[in-house]
Each structure stands twice: as C-alpha cells, then as structure tokens.
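A, B and C are the chain letters, set down in written order, and residue numbers restart from 1 in every chain.
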Amino acid sequence: MNIIVCVKNVPFTQEVDLALDGSKRDIRKEMLAYVINEWDNYAIEEAIRLKEQFNGNVTAVTLGKEADEEVLRRCLAMGADQAVRIEPGALQADAFMTAAILATALKTMPHDLVLTGVQTDDLNHGMVGTLIAERLGLAHAAVVNSLKPADNKARITIELEGGQDEVAMIHLPALLTIQTGINEPRYVSIMGIRKAAKKELKVIKVEELGVSADDLVPRTIIEEMYLPPETEGAEMLQGDAAAVADEIIRIIKEKGVSL
Amino acid sequence: MAEILVLAEHRNGELREITLQMLSKAAELCQKHSLELSVVVLGAQTEGLVPILAERAKRVIVYHDERLKNFNVDLYKETLADLIGERKPLLTLIGHTPWGMDLAPALAIKTGFPLATDCVDILLDAGKPKVVRQIYSGKIYTRVAFKESPSYLITMRGGAFSAEKTVSFQAEIVKHELPASLPALRKEFVEFQETSKGAVDICQAEMLVSIGRGVGEAEKVGILQDLAKSMGCVLSCSRPVVDKNWLPKCHQVGTSGKSVKPKVYLALGISGAFQHVAGISGAGTVIAVNKDKKAPIFRVADYGVVGDLFQVVEALKSKLGK
Amino acid sequence: METLHPAAIKYLGIPGFVFGWFLLIIGVGLFLFIIWQRLKILLKGQTDPRFKDWGQRIWSLVVYGLGQYKQPRYYWAGVLHNMIFGGFIVLSLRSLDLIFSSLGLPVLKPLMESMFGDFYLSMKDIFELIVLAACIWAILRRAILKPKRYEGSHQFEAYLVLGLIGFLMLTDMFYEGSLMLLNPPNTLWLPASRLTAGILSPASPEFLKGLYPLSYWLHLLTFFFFLNFLPLGKHFHIITALPNVLFRKLRKGAIKPARWGVTDITELDKLGAGQIEDFTWKHLLDLFSCTECGRCSDMCPAHTVGRPLSPKMITIKLRDQAYRQYPLLPGKKADNPKEESPEIIGELIKPDEIWSCTTCGACEEECPVMIEYIDKMIDMRRHMIETGQAPKTFNQVLTYFEKTGNPFGKPAVKRADWIKEFPEVPVKVLKEGDRTDVLFFVDSYGSYDPRVQDIVMAIAKGLLQAKIDFGILGPEEWDSGHQVRRLGEEGLFQVLVEQNMAALEAVQFKRIVTTDPHAFNTLKKDYPKPFEVQHYSQFFGELVHKGFLKLQNSVSTADRYTYHDPCYLGRHNEVYQEPRDLLRAIPGLQLVEMERARDRSFCCGGGDVILWHEIEQEEMRMAEKRIQMAREAGANVIVTACPFCLIHFEDAIKTAGLEGQMRVTDLMELLVTVL
C-alpha cells in the first residue's frame, strides 16, 4: 500500500505575542520556533500505523525551505520510508499554488492513499488537501476521524458538527484530510530524528516540476494583516485568587444559578 | 443582474444553522449592493426546506432527486459546476463545514473560479469581493482579495454572522434537473452515528465548568471534577481535552462537539479558538480564566480573569466549603 | 601420644593427601569453571572505564571494603555481618594452612609453629567462636524478627549459608578439640578448642581418633562445596564485593553517557538498555554482588509510599535474567547470541517500576557493596523513550523543551520577563561579551513559575544587598536539562547543553550560582566544561561567613524549624552543612533535625517524572510522608533549598489539611527576611 502524506512546518505560536512586520502583510517570524502542523502529525501517525498494519510504503512531502526539512526528518523518524521537499525558491505560494505544486509532484509518485491534515495551524485554510484531490482526480473526503482500509476501498468516519459522524465507504485511491484525535501520535526522540537523516530525503525545485504558469498565479492575495480589534471584550476581574473567587460566585448567583 | 448564490446545507431533513447565517449576510450584501439573492438546495426530501428558504432569498433553485438522499461530493460538484458555470454568480457562498470543505475546493478546481475559505466577513470593494479571515488560531486577522474572475467562491465560518432574517422575501421556486451524465460515485454513504453518547448530557446543564488545554495534564482533571461537583454542575471541555483522552467525547463543546446554552459558562484554561466558541454562542454569561491576557476567549467572555486557573479553583473550592 | 595428621592417615590403603589433592583439583577446577562462566557474562556487557583514579579506588577499598564502613548504618545487622566478615579475613590463613596440609605440603607449618603462629591460633579460635555466635544470632534474628527488607530475598539460601558457615566453624573446632584431648598437654590459649574438648571429654580415644580426621575432611569438603556454591546466588558477593567496591562510581550525581567512549550518539544502533547485554560490565558485576540485604528498598522513598519499585528486586530480577540467559551449563543453546536475549522491560521489569524512581540516590547511598542504580534506571528509560514506551504525557513536555527551552511551552523570548514583575530589584541581562562576577543561572521553573519566581527574586535581593556583581543569561538560557537527561531523552539533553554552552561561552564570569540543586548538579557533573558552580546556599553561606551579609533580624522563637536536605544538594553533592550553618546563624531560630536527615534524607517526590506522570499504585505522596516526619521531629516550619521540594511540600500541606499548622519556606526567602 503506497501512502503519501503532505506535511507542513508551522510556527509554534502558543502564548506568543505575534507582531506584524513592516509590510503589514505578514507576521514577524524571526523569534518563532517551528513544529509540525498539529493535524499533519495525526496524519503521518495514521499513515505509519497503516504501514505497520498492511505492510506499506510511506512518503512524506512538503513544500518548504531547507529549514523545513526538520519536519520531514521527523516523519522519517516516525517511520516514513522516504521524504520529498519541494523548494519554492522565491515563490510566495497561496493555497491554490501550493496545491498545484504538490499535486504535480504527487502525480509521478505511486499512491493508493494520500493523507493531509484538515488545515494548518498558521493560515487555517482547510482547502489544500481537497484542491490536491480534485487535481489528481482522487476520491476525497474531509475531516476524517477514522480510517479502515478494506480491499480497494476504505471505511471512513467523517466528523460532522453537532456530535454526529458520517460513516462512508470511499473508493481507493483517495485523498483524506485527517482530523485531530484520530490516533495518539508517537513520540520521536531527538536521536531518532538524527538517525532518520540516513533515510532518503529528495529535494526538487519547483521549476523542475513543470507546473503550468497559470497555476503559479495566486488566486487569493492578502491585502493586509491586522491585530484583532480590541472589542469591548470581557470585564476583567481584579484582585487575588480569593477576591476573584468571591466575584465569580457572586456573578453565578446573580445569573440565577443555585450553588 | 449580478447575483449571490448560497448553497443550502441540510441534514436529517433540517436546514443547518449556517445556511440561515449565510442567507442573512448575503441578504445584507444584496440589499447594499443591489444584487439578487438565490439559494440552491439539493436533496431527496426538499419539501420541508423550500418554504423556509423561500422567505430568505429571491430565488430558490431546487434539485429534487432520489440520488441526492445523502450529501455526495461528486454529485454536488457536477451539478453546481454546471449551475455556477451557467449563471456565473458574483459570489457563491458555501458553509465552512466538513461537507463544505469537501465540496468547495473541488468546485473551485472544476470551475476554475478562485476560492477563499473560512471567512468571517465579506465586503464588496468597487464591485470586487474581499473577505476577512482569521489566521494563527484567531490571533491575527487578514483582509484578502481575489484574482480577477467572473465568479468567486467563498466558504463562510459558522457563527460568524447572525441567522436573523432582516429582509423578507417571497422567492420564485425554480426546479432543476441533475445533469444528464453524472460520474460514477466514488463514495457510498453508510450511516450516521452519534459520537459516543456517554453518561453526561452537557446540553441540559444550567451551568458548566469547562476545561481546556490549560489544565495541563490528565491527572489535574480530578481537581476540576471536584470543583464541578462542589458547584453542583457538570464538567465540559474543549476539543484538545478530548483529543488527549482526558475526558470522553460527550463532554466536548464546540463545532465538532455540542452546542450548549447554560446560564453560566465557566471557561478554565480555554484559549477561545473559534471552533470552541461557536459552541457557546447561546450561553448566557461566560466567565473565562486564562494565564494569557491575549487569549481570544476574552473577546467573547463577559467576565475575565488573567491568572493561574488552579489558584482560582482552589479559592473557589474553599469559599464553597468543599 | 602423637597422632597422625589426617593427610597422612591411610584410608583403605590410600593416604589422605590423595583425597586432599582430589578435593583440591575437583573443588578448584569446578570453581574456576563456574567463575569463567560468570566472567563471560561480564564480557558481554558494554565498556566502562574504571581503570583509573587508583588512589581513590584503593582508598575506597580500604574504607568501604575492608573497613565495612557502611555496614553499621543498620546497626545490629552491621555488627553481625562485620563479625562474620572479620572472621573470614582472619580465618583465611587457617583455611590455607588446612588445605596445604591436606595436600601433604605443610608449607605454612613453620609459620604456625612460630610465635606469630601461637598468637594466630588463639585469634583463630576467638574468631571461630565469634563467627559461630554470629551465625546462630543471624539465623534466630532472621527467623524471629523477620526484618521486612528481606521479603523477596532468597531465605532458604540465607539459612543454608549461615548453616554452612556455622558448620565450617564447628568442624574445625571439633577437629582441634579432639586433637587437644588426644595430644595433651596444651600450652596455647585456644578457647574454641577448649570448649569442644570439654564437650568431647567423655568420649573414648577410639572415638576421638575417628572423629578428628572425619571433622577435618568434612571441613575441607564443606569448604570446597561452599566455595563452589558462592557464585550460584547472593553469596557471590563474598568474591565480587571487594572488586565491586574497587570499581565503584566515583562521581555521585553524574549520569553515564549513552555509551562510554561514544560522543556522537547517532552512531549507536540503539540507545539505552533493553537487553541485559546493554548494561556495562560494571553494572553486570553489580548484579553479581547483590547480597539481597534489602537496605536499598528499605530506604527507597518510592518503595515506602507504595510504588511498585523495589531496587533490590530490580537487581535480583536482572541477575536471575542474566543467569538464565547464560546458564552455567550451556545445554542446547550453545552460546546465546545477543539477538535472542529477551527484552528486560515489559514482563520482567514493568515500566512503572522504572518510572517510579526519583533518582534520589538513597539506594546507592545505603548499599554496602556500592551497587549503582541510577545509571541503570536512566539506561532503561533511554531505551523506553527510543522505543515509544514512555508515558504519552511526556510527548508534550519534551516537545516544549525542544522548541521553547522550558517545560511549559512558553516562548523563550519571555524567559526573563520575571524581571518586570519586580521593578524594585534591578537584574542585568547579559549580552554577548559581557563580563560579570556571578552568573545567576535561573533555570526554567525560576523563570516561568510564579511561585518559584519569588525564590529567584529573593536570591536577586540577597545578591544586591551584598553588592555582588551578577547577571542572568535571559532568553539565551535554556533549561539546564537535568530532568530531560534523567527522563532518558539523551538527544534532547545534548541539544539543551549545546544551547547553554553557547550562551555561557559568550559571556565571562567567575562563577555560576544556581537557584536550584538540579541545575547545580547537572552544570557541575553533566556539562562538558568544569565551571565553578555553586548552589545559592553555598554562595550565601560564604557571603555570611565573610561578613558581606549580616543576618540581623530574628525570627520567632515560638517556631520550630527543620531543614530538609534536597537530594541533589545533599546526597548527590554532600552539601549538608552550609544550609544548616546559615540557619543556625539566624538569631532566634530553633532548629530541630528529622530522624532521616543528611544522607538519609527522604525525597520530596522529585523534580522530573512526578511532574508529568502519575504512578497509580502510590499510597501517599512522598511529600506528605516527609511532612509527617517533620511533625514527628516537632517542627512546624520546613526549610528547603530546592524549588521542587517547596512546591511538593506546599501541595502536601494543603492536601493533608495542615495549613495553619505547618508551613514551608525556601531558605533564601527566609534569609531575605532576616537580612
């Protein structure tokens, strides 16, 4: 079973005070640490589990610069067999372009299953996976939280809102965007990641892929980035824990809840 | 006449809330910019849906066919590609839901029209649509423009707009047939299943103590259980808590969990990502405690405390005489 | 009447010395074979460089080996053991003499008939009585008192060996006793022989003539049997204990590298100990040397609170595994190839046994034969981390360490933000090329945890008041890595060390002073450069001693203070006195000592695993137990010099409902109030 997983190296922004750069069209990234996109972590873990179960081959692919190879090495350390990095050069790719580039690269790689995360921690689009699927003519489903291959199909569960899931049989080859919680991703140690450096990591330049010129024109353009409006927001309660607790209890009672 | 086309999403014979939210926003835009509002619905039992839609748009385009019993992306894509290709609406709005995320990008490639997803606002700037999106989990907002195109696709975030009907319509109902040649379906619907019911029904609670990633570890959940118990109420949580198996799914509040409407919602260690916040839009009073003063939850909460949630919990417990 | 020496007597025509030679050849031959089989196990182990620092090693041998310095820590057991040990030393000459004469080669006869010989024979008798008494007492003690720490040890073997030793004494005593009766007069003072002679006096000369050679040969037979029995079980320690002490670990608190002699760990096929052969030869020698005395488990705080860890059982299980894998008689499997060697973690040793350990070092401190535990635990943890057997709760924390340099996942750039909380205390953040006297290494908890920030602030205030030129590294400082290394994530530890070394080498300073003992220990022992590092208690001890700081204000005499020795300040680094001196220098301070103090201090729970993984079987928190100990000592205030101890004690006081009755204070916080 050949599985391809598209992954992305994203900034770790928990508790970070993000600041905008001079152009106001991007954030300042110098001081940020980078991690594997959370959804992608679940996707690669799922791929490795399938490989372990069905004797498969897993390739991890990313569109990124040299520093982003760390995300691929992580995938290799988890159990992927080979990795491919597509070097964007000076290209600023939006979601559409990213999908075009990845789809072109994937076309030449054998695949029974392509997994991506539902969305990324940074731009939160949630569309690249499905864009790739349509370009490759693959059957697809988004927000999958359970996956069980059976012959040339797979039984999947799609996480709908409101506490309901949809169970479906999808034909392979297919592309699925993977939701968090589908599994528990394994830990990879630093040593594991360093040793994975011995596994194959191919670098391809975008120019070498032969993506059509039209596909390299962005469909969406960020005009401006700005910090969220300081709306009225919450009334902040002051004082130490005891004072705050008093206030909270008072509010609760005021709203008609008996304690 | 330029038109905004809204795709009605429905499940189990009922319109999803997001459909009404999109129609509200679209109606506002149509009125402001002199556009026509059409809504398209595909299904096998549309009788119950059409009357509601008829009050919300100028035109209701109905595809009524047994094959449309359940959402199927291949069918929807073919049908809508034809429709959009023919009508070339200025904007096509689709809900940013799992089905919407499965459909919209595929539609964008098929029709060749640009797509922006998960938008929290739409504006027309000299006739050109622009959207507002949140990135970095709500920490940053972006205003996004499109590449020039005869038609544009947008998926809208649930809960970004009110579902209130501000404009009344009496729509013309137009029946359409599915395209003559349809591709073989590559996905078969099996069934719906309720995500584990569990013993706890957070939807009925008058008050909820809700925990998020800020709780830190599974072992600390017990402390919060105690607090909930001493307050005589139930524990709920945000998604990461369930992902990490600290609590079962039945406790989850949010788009992929439950929508709750308690009188008081005490959010502890919850950052306020929109997927969660969407689940508490109906809550009465939201009190949030978080270490990070910039946490998005403070934008939607009524009262906020910046501090260590465990200290506050300790204080609450001792005041309540645990 | 002259009697023939048993070696000279003819038995069925065969002279005794033939049996002597026979016994010797079989006995020694078998023994050498057994030893060789055991030695092969050591050869399967990994390399371990113990063949240097001979001065220290020989001294250790004298103090701990010959001097049995640690034995009396358990008083009566220690006395008993030293009686038998002393007996073995003294009686070895006697055994040699008996053996030589059994061969018909009375090489030592001249020595035994000299003045020294007279003295020696009396000593021999005295010691035989001492040893016999000790054996009897030991048997009774074991059978009646049933000390708890012997549970799980091989009781039958214990009784058997005590019996054998006793029998050895008796056979020699009866041999000499019968000879004494047959060959009067006796001018020497031989109390043991006199005793047996007294018992035998009613016997006939014929009986005695039959008894003495019988006793003699029984003695030798028992001796060789005993010799060969030793390597089969816990009494192997009789042979291996002295070498084990000689090759002991000289650097307490340091952790061995992943593999000695390998600096680039990526070269290694595997990391850590998953099979018995992954341990070093010295660690395997440890397994041979265990006497199953149980002192380690008795002192182990994890064991005391009901966690599944029993250090003694870890050693016994590993030893038995080694013997199973490499039996004395190879049998069907000719030479067990390493690939077949089973996993030691999982069935044999359960993961929670290993995660229960807080690396406090109480076990190693106690063990009379210097068995090392901590390195083995860490090696096993390394293996578990590499093979995904670590608790899932670690994933998040380790990722945070890697990406942000602290376990909270808070941005590295905010590491020095605590300075803003206390604008009245100016703290300098060092830039590249800066120079200062004292580099204050704050570490992660000090930087980000609000409670520990109070301690850090107290230290800064103290430094300011003493007009010390100091600075902090700020965001360039990453976690010292102490916990990371001891969790078993060796690769990540190296990443942290690299980052900190770069930061430390970019500035100039005379010494490092740390907030907490963990950072102190790792900077001193695990980092590649020999920095001058001190824990703040040592530094402030010096300041007070030299008069740079005066402890002027007094504390209430109504309070009773007790000092809890943090594991990484006390046991691992032997800093016991400085904090006490500081406390005694505070006017009005009433100091009491807990029973378990100094090197017997009871761990608070620790600064690593417990923060991120709960051991379900625990009956009570270690910190709670320690608070009880403080109360028993009559104290209402516990002073500690480690932020983790502080956090655990504060929690324990709350859960035990003792708020108002007891409180904890950090040493520095206390000092600042009296400056």
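The working rule: a contact is a pair of C-beta atoms (placed from the backbone, for glycine too) under 8 Å apart; a residue touches a chain by one contact, two chains touch by 3 or more.
This one's a predicted model, so the numbers in the text were calculated from it and none came from an experiment.
Chain centre most remote from that of subunit C: B (centre = mean of CA atoms). A count of contacting C-beta pairs for B-C and for A-B identifies A-B as the more extensively joined pair. A separation of 49 Å divides the Cα centre of subunit A from that of subunit C. Taking the mean of the C-alpha atoms as each chain's centre, subunit B and subunit C sit 61 Å apart.
Subunit A and subunit B have centres, each the mean of its CA atoms, that are 20 Å apart. Across the assembly, subunit B contributes residues 308, 314 that each touch 2 or more other chains. Residues of subunit A in contact with two or more other chains: 15, 17, 184. Shown for subunit C are the residues in touch with two or more other chains, of which there are none.
Residues 393, 450, 612, 614, 654 of subunit C are the ones touching subunit B in the complex. Per the touch definition, subunit B reaches subunit A in the complex via residues 11, 71, 73, 96-99, 101-102, 104-106, 108-110, 114-118, 130, 133-147, 149, 158, 186-195, 206-207, 231-233, 239-240, 242-243, 245, 255-259, 263-264, 266, 284-288, 291-292, 294, 296-308, 311-312, 314-316, 318-320. Against subunit A, the residues of subunit C that register as touching in their complex are 265-266, 268, 271, 385-386, 388, 390, 392, 394-395, 398-399, 402-404, 409-414, 489-492, 494-495. Interface of subunit B with subunit C (complex): residues 217-219, 308, 314.
Residues 11, 13, 15, 17-18, 20, 27, 95-96, 99, 118-119, 121-131, 133-135, 139-143, 155, 157-171, 174, 177, 179-181, 184, 217-229, 231, 233-237, 241-242, 244-249, 251-252, 255-259 of subunit A are the ones touching subunit B in the complex.
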